[in-house]
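Okay, so here's the structure we're looking at.
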Amino acid sequence: MMGIVDKIKEIDGTKVTVQRENRIFVDVEKERVIGTLYSMKLIGFSQLSVLSVIDRIADNQFEIFYVLYNRDEKVNATVRVWIDRDNPVIETAEKIYPSAHAWEREIAEMFGVKVEGNEEAGKPFILENWNDLPPMRKDFDSIKYSSEHFVFRHSEDKNE
Amino acid sequence: MEKMTQDQVRTIANMLRKRSLWMIHYCTGCGAMELPPTMTSRYDMSRLGLAPFVTSRQADILLITGYLNVKTLRRVITVYEQMLDPKYVIGFGSCALNGGVYWDSYAVIKQLDRYIPADLYIAGCMPRPEAIITAFQDLMDLIDSGKADGYKRYKRDLAYYKENQRKVLG
Amino acid sequence: MNIKDYENGSFLKPLASVKYLFKKPHTLRYPKETKPVPDRYRGLHINDVDKCIGCGNCRDICPCAAITMADPSDIRPIEIDKKGANPVRPKIDYGRCSFCALCVEMCPTGSLKMSKDLIYTSPDADAFVWIPLEEQGREPGFTQSDEITPLMLEAEEMEELEPEVRLKSFEEIVHGFTEEQARKEAMRCLGCGICMQGCPAHMKIPEYIQAIFDGKHDESTKFMLEDNVLPGICGRICTHRCQDDCVYQYRGDPVHIMWLKRFATDQLETYKDVEIAKMPSSGKKVAIIGGGPSGLSAAYHLTTMGHSVTIFEQKQRAGGALATGIPMYRLPIYELDKEIGHIEDMGVEIKLNTQVGKDVQFEDLLRDYDAVYIGVGLSYGRSINLKGEEHPNVVQAIDFLREVKVEGRRDITKHVVVIGGGNVAMDVARTVARLQEIKYGSKDTTVQTASLEDWDIMPASQEEIDGALEEKVIFNPAWGPNQVIFNEDGSIKGLEVKKVKHVFDESGRFNPAFYEDQKKLLEGDYIIESVGQMYNFEFIPKEMLDKLEFTPRRKVMVDEYGETTLPGVFAGGDLVETSKGDAISAIANGHRAAIGIDRYLRDKK
Amino acid sequence: MSKSYELFIGPNHPGIPGNFSVKIELEGDTVVKAKGDPGYLHRAFEKAMEGRYYIQNLALIPRICVPEPDINEAAYAMAVEDLMGIEIPERAKYIRTIVLELARVANLTFWMGSFAATLGLYTLSQWSFGDRDYALDLFNEICGARVYHMFIWPGGVRRDLPPGWEDRVLDYVKYIKERLVDYDNIFFKNVMFKYRTKGMAVVTKEQAIEWGATGPILKAAGVAQDVRKDDPYAAYGYLDFEIPTLTDGDSWSRAMIRRMELDLSLDLIEQAVKKMPKKGPVCAKMPNPLKGIVPAGETYAKVESARGEHGFYMVSDNTGKPYRVAVRGASHTHMFTIAEKVLIGQRLADVSHTLVSLDICPPEFDR
Amino acid sequence: MVSTILIAICVPLLAFAIGLTFIMFKLKITARVQRRYGPPIIQPIYNLLKLLLKEDNISHGVIFSLGPIIALAGSILAVFFIPIPGLNLLTGSGDLIALLYIMAIGSLGMALGAGNTANPNASIGISRALTLMFGYDLPLVIIVISVILQYHTTNLADIVAAQANGHWTLWTLPLSAIVGFVVTYGALGEHPFDIITAPHEVATGPMVEYGGKHLGFLMINHMFHIYIEIALFVDLFLGGASNLFWFYIKMFGVFFIMMLCDEVFLRFKIDDAVRFFWKWPTVVALISLIIVLVK
C-alpha cells in the first residue's frame, strides 16, 4: 500500500493522509483537482465510487470529495477539495470518470454546485419543480419546509 | 319500486365487485416489497379474486404502498383519475397516514387523504402479507356494505382535493 | 456448478416443471392457515402502564417522532402521584411508527414491549393513534434483553479511601470523579428529568449533567446555582433523593448525580466567573436569622432578585449544621468557605457572632427591615429523658460533633455507645471511630450504636451504614435505650437496652413498643445521644410567639411561599421541613421563601 | 420508419424494477436514446440522517435499498465503528456474515423472479418469490421483522441468535439447493432463456472498467472484483471462497454470475455456521445513544451488495449526530452511466430485461 | 326457422361457455404449476360481470368504442362457420376459406380501436399483433391448403366427415398437424407468443387504454377466440366429434397441452416469433404439402 501512497505524493500539490489500511485521503487545491484526478486514474484509480459534497457551513466552504478505488492495490483514496460556498464552481470530471456525470448532476441539484463542462448539471434530476434552496445545504431546514408545505396529522399534540 | 331494483342492482354489483378486485401494479413506495410474496405462491392473494393488473384503466384498487414522494404524487393522481369508477385506494403502512419515518422529509407528503381519498389504511411499516390479506378482506366487507365510497367523495369534494394537490405540486 | 451444463439450452428440461401440477401447493392459505409468529416479533406496542414511569425516553429515542406523552386517565386510570414518575404514558402514532423497537430497548423500566400482533386496519385515519396498554390483550413479542442494551446500566466506580486508611485522619473519604469518569458517568444520563421531582430543590439535573458531559463546568455550575446555592456541599453530603428516583434503578445502577455535581464544582476554584443574572437593586432590606443552609439559600436568591440582605449568625462561622455538624471527612471546611465566600461576593452581608434576642432584638429587625426570614434550624439536641443522662459523659450528638469539628476536640474514651440510627448517629459513630483510631490505634476500642429501628427501616442512608460497618462500628438494631448503668465509682458502665417490638403502630405513627423482658447491656463509658434536635424560639417575644402557629407535628406553619402567620415573617429550613430534614430540603425551602419574600416585597409597594 | 418517438417506461409500468422511469426514444422498435428519470422514491435520507442520532438512523438505513436492506445496516455500522475505533466481537462478525449472505440469497431469488418475469416466465417468479419468503421468515425469527430487519447495528448485532436458528438456516440452504435444480430446469437451462439473453446488452471488460461498473456486471465481464475478497469485512476474511467470473459480459453472463453467486452464498452460509464460535458476546459495549458522540472524522465503509459495491461515506463532527452521510449505491453508476449507454440499440422488448439484468434498484440512487 | 334462430343463439352461447370453462381451467392449471391454489373456479365470471358493471367508461372516440364490438362481432360470426356436432349453421362449400378471413376480423377490430388511442404502447401492441398474424398466417395457409388438397373439399363439415372412424388428419398428415398445433398455439397468444400483450414490454399492448365494459367485451372476445382456434384445430386434425362431449374432451386435451407449454416458456421477441413461424413451421408445412401433392 505504501507504494501507491508514494505515487500519489508525487502528484503535484497533493497532501496525503493515510487513515488506516486501504484508506487514503488526498487534499488538493481547487485548481488542481482535475489534474489530480487524471493522474490518479493513470496510477490505477480507475473506479469512482462516490462523488458528493459536504457543506462546511461554519467555514463557508463546500468540501467536494471523490472516493476512488484502485483495483490492483485494493486501496480507496478520497480526493478532497474545498471550494467557496458563495461561488461554488467546480470543473467536471466526467471526461475522466464517466460515472461522475450523474453524481455531478446530483450535487448540482442537491447543493447548487455549478459544474462547468457538464451540460446536464443543473437540469432537474431527482427533484421536480423545486423552487427553494438546494435541499442538502445545511441552511435548508427540512422540518420547516415540511410544516409549511404539508400538514401533519394530530399536529396539535406534537411539539414539532 | 324502481328504487328497490336500483338498490338490488347495487347490492349485486357490490357483491361481484368485491369478488374481483384488480390492483394496479404500481410500486409507489417500499411497502410494495411485501406485495410480491402476497401475490405469489406463498400467500397467493388470487385466492381472494385479486390480481395484479398493468394499466390504470383496468384496475380497481390503487395501493399506495407507503410513502408518497411529491414527484410520485403527481403520477398517482393521474393514475387515480384514469381509473374507472368504482375504484378504491388502500394506504399502506405508517407513511400514508402521517409521514411515517420520513415525517421530517421535504420530499414526502404526510397525509394521503388530503390528495386522494383513501378507503382503508393498514398499520405497519411495512405491513406483512397477512396484514395485507386482512386488509383486502376488510376492503371487501367495506365494498359489500357500500362504505368504500372514496371515489364518490373525490367527485364530491373535488375542489378540496384539487386545492391540496395544487398546494404541493404547484 | 459447471457452467458448461448451462451453455446449451434445453427444450425438454423446462417441461419437467409440469410435475408441480400434481403436487400440493405450498401456499399458506391465510387466514384459514396461519404460521407462528416468532417470539421476537416487532408488532404493535404493549405498555404496562403501572410499571411505566412516564419518563419519556421512548419519545426521545423515537426516530419518527411517533411517541407523545399523554394522560391516560380517561382510558385507564393510573396512580397519579407515584414516586419518581410522571403522570403521563406514551401515546403512539402508528402513522409515524417504523417498528424499530428502539423505544423498547431504551425503556428503563421494561414496561414497554412490542407485541406479536401487526394486523390492524381501519378506514379511519384517526384510528391509528392510541395509548398502548396491556389490557388490549396483545401477546408480547420483542422485549428488551439484559445482555444487549443501548443503555449503560453500570455506573462508574467511585474511588474511596480504604477503611484502614481513612480511619487514621479526617481526610475526605471520597476522591471525586476524574475528568474521564465524570464524562462517562454524565454520558449515562438519559436526560429524562424524572430525578428533578425527587430533588426537593428541583434542580435542573439533566441540564447540568449535559453541561458536564460537554465539559462546560461553569455552565453546569450556573444551572446548579439557579436552584441550589451550595452545589459543592450538596455534591458531598446530599441525601441525593434524585438518585433514588433515577430511572436506571430498575435495570441497573442509578447515575451518580451527586458526585457529578461535586465534580463540576470542584473544577472551579471560585464561582466568580459563573455568569449569574442579578436584578437591579430594589432598595428593600431583608433580615435573615440564622446562617444555615436555608438562610444562605434565601439570602442568595434574594440578593439575585435585587434586595439587600443581612444574615445574623449566632456562631463564629456561617453554615449552620454544615459548619458545625457534618464531620470533616464528609465535608471539608474549605468547601464551605468557597461557597459561603461566593454568597458574600454576591453582596450578602453576614453578621457573625450576633445572636438575635441578645445582640439584636427581633422587634428591631421587624422594624428596620422590610421582611424577616427565620432559618435558625434545629440547633439544640433533643433529649429522650434517659435515666442517668445528666452524667457529664452522656452528651448530645450535635454538641459532640461541633466540638470535634469546630473546636478541634480529639479526646475520646475507649468504649462509646451512640444512641440513634439516623445519619447524624452515623456521623457520630464514624467520628468516634476516627478519634479512637487516632488516639488508641483502634486497640481494644469499641463504638456501637443502638437504634430503635431494625435494618430495614433504619433512617440512615445505606452508604453511611456501609461506611460505618467498614469502619467496624457495631450495630444494635431494634434495641431501644432503657437506662444508663453506672459502676460503683460513678463512671458509666454501659447502656441498658431492650428489644423493640415495633417502632410504628398500625396506623403508621411513631409509637415504639418494647419486649420488657429482653434486655442487654451495651458496655461503654461514654454515651452520645443522637435521637434528634429541636429549635429554640426564645428570641421571639412572647406576644408574637403566641401568634405564631405550628403544625400538629410541632413545625412552624407556613404557606406555600414560606410565610408564617406573622406578616412579613418567613421561615424555612428544618423549622418547617417535615421530611428528612436534610440540607437540600433546607436549601429548597430557603429558595422558596426567597421567592415568597420577593413577592411579598413587590406586593407591599 | 425514420420518425422517432418517445416512450416512457415507468414509473407505472411492470417492466421497470420499482418506481422509476426511463425515457426512451424509439425508431421503429429500436432504442436510439435512453434517459433515466429518477426521483420517484426520493425521501431525502441523507438530509434526514443529519438530523437524527446515530442510533436513530437505524430506522432509516434499511429503507435505502428495499430488496436487500442488510447491506445498508452493515455498511452504516461499519462506518460508525470505524469512526469510533470499535472492534466487534468475533461471534457478531459471523452472525453478520450469515445474515448478509442470507439477505443476498433472498435478494438473488427475488432478482431471479423479476428477471424471469421480464422475459415472460411467470412460473419462476411465483416459485422464487415464494421460496424467498422462507428466508424472510428466518429473518423474522432473529429480529422480528420480515423486511426491515434493523438487526445489525453499530457495535455488533442486536440480539444473539435464537436457539436452533443455525439449524433452520442450514435446512433452508438445503431446501434452496433442491429448488435450484428446478430453477435450472425451467429457466437457466431453458433454450428460450439462452435465446433471449445470449449476446444481449453486452458490457465488455474495457467498458465495464471505464464506466465504473461493480458487482455482477464487472464479474460477468471478467474482472474478479468483490469487496468481500478485496477488503474483507465481517467474517469474510476467515472464509474460503472464490469469486466467480465469466467473460462475455452479456445479459446471459450476468444472469449466470448471479446464479453462481447464489451457490457461493449458500456455501458461505454453510461455512460460516460451521466456523462460528458457539458462544460469546455479540455486541460491543456502546455509549448511551442519546449522548454518545462519535469522534470527528471521515470514513468510507463499503460492502458487497448483490448489485456491487455499496458504501457509506460518513463525516462526523464530534457530536451525537452524523454531519454528513453519503450513500453510494451500486445502481447509481449502473443506471446513469451503463444502462443509458447499453440500452441504445436494444429492441423495445429487451429494455425491461436489460434493466433488470443490470439490477437497477431505484431507491439506491433516489435515496 | 325457429330452430335456426334457436341455433343462432345457442351456438355463440355454447362457444362462449366452452371458452369460459377453458379460462377457468387455465387459471387453475397455471396456479398449480406455480405451486399455489389460484382463484376460485368461477373467478372469470366475477371478473367479467364486474367489468360490465363498471360505472363509467372512458372513450377515445367512436372508433375506439367500436373496436371491441367489431372484434366481438367478427368472432361470433366465425363461430357459425365451425361445425359443432349436431349444430351446423353456416357450413357450406368454401367455408374454411371464409373462416380464415373472418378470423382476422377480431385482430383488425382491436387494431382499429386501439389505433385510436394516443398511447404508443397500444400502437406498438397493434403492430405486433398484425406482424404476428403475418407470421403464423403463412404456415397456417399452407397447412390449410394441404388439408384441402387431402380431402378435396373446402367444406369443414365434409372435412370432419372424411375423418370419421379414426382416420384423423393427425394420423394421415402428422406433419401438418404438428404445424397446425404450433400455429394454433401462436394464434392463442400464449407463451412464448404472448408478444402482443406482454405486460413487461408494452403494458398489455392494445388493451392498454381499455377498461370497464370495453375490456369486458375484449374478454368475451378472447373466450370466443380460444374456442374458434381450438375448435378449428380439432375439426381439421382430430376429426371433429360425433357429439358435444367428445368434442369438448378433444378440445380440452389440446388446450391442456398448450397450457402446460405456456407455463414453462419465455416470451419470444416479435421478429424472432415471425422468423420462427417462417422457418420451421413453414418448412414442415411445405414438406407436408409436398407429401400431399405427391400422394
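Here the chain labels run A, B, C, D and E in written order, and each chain numbers its own residues starting at 1.
Rule of thumb we're sticking to: a contact is a pair of C-beta atoms (placed from the backbone, for glycine too) under 8 Å apart; a residue touches a chain by one contact, two chains touch by 3 or more.
Treat the numbers as computed from the prediction; the structure is a model and nothing was measured.
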Self-check item: Chains touching both chain B and chain D, listed by label
Solution: A, C, E
Quiz item: Of the chains present, which has its C-alpha mean closest to the combined C-alpha mean?
Solution: D
Quiz item: In terms of CA centroid distance, which chain is the most far removed from chain C?
Solution: E
Quiz item: For the chain pairs C-E and D-E, which is connected through the larger number of C-beta pairs in contact?
Solution: D-E
Quiz item: How many Å are there between the centre of chain C and the centre of chain D, using C-alpha atoms for each centre?
Solution: 53
Quiz prompt | Chain centre separation (chain B, chain C; CA means) in Å | solution = 56
Practice problem: Let me have the rounded angstrom distance from the C-alpha centre of chain A over to the C-alpha centre of chain D, please. | Solution: 23
Quiz item: Cα centroid separation between chain A and chain E, in whole Å?
Solution: 59
Exercise. Give me the residues of chain A that touch two or more other chains.
Key: 127-128, 135, 140, 142-143, 153-154, 160
Quiz item: Hey, what residues on chain E touch two or more of the other chains?
Solution: 31, 33-37, 199, 203, 263-265
Practice problem: Please set out, as single numbers or ranges, the residues of chain C touching at least two other chains. | Solution: 14, 17, 25-27, 29, 63-65, 93, 95, 98-99, 125
Quiz item: Between which chains is there touch?
Solution: A-B, A-C, A-D, B-C, B-D, B-E, C-D, C-E, D-E
Quiz item: Contact residues on chain D for chain A in the complex?
Solution: 38-39, 42, 44, 46-48, 50-51, 82, 209-212, 214, 223, 225, 230-231, 297-300, 302, 309, 311, 313, 315, 323-324, 326, 328, 332-333, 335-337, 365-366
Self-check item: chain B contact footprint on chain D (complex, rising order)
Solution: 11-14, 18-19, 39-44, 47-48, 51, 59-60, 63, 66-67, 110, 113, 125-127, 129-130, 132-133, 136, 146-148, 363
Exercise. State the interface residues of chain B toward chain E in the complex, per the touch definition above.
Key: 13, 16-17, 19-20, 22, 25, 40-41, 44, 46-49, 51, 54-58, 60, 82-86
Self-check item: Parts of chain C lying in touch with chain A, wherever the complex brings them together
Solution: 65, 68, 70, 91, 93, 95, 125-126, 129
Quiz prompt | Residues of chain E that touch chain D when the two form their complex | solution = 33-36, 120-121, 124, 191-192, 194-195, 198-203, 263-272
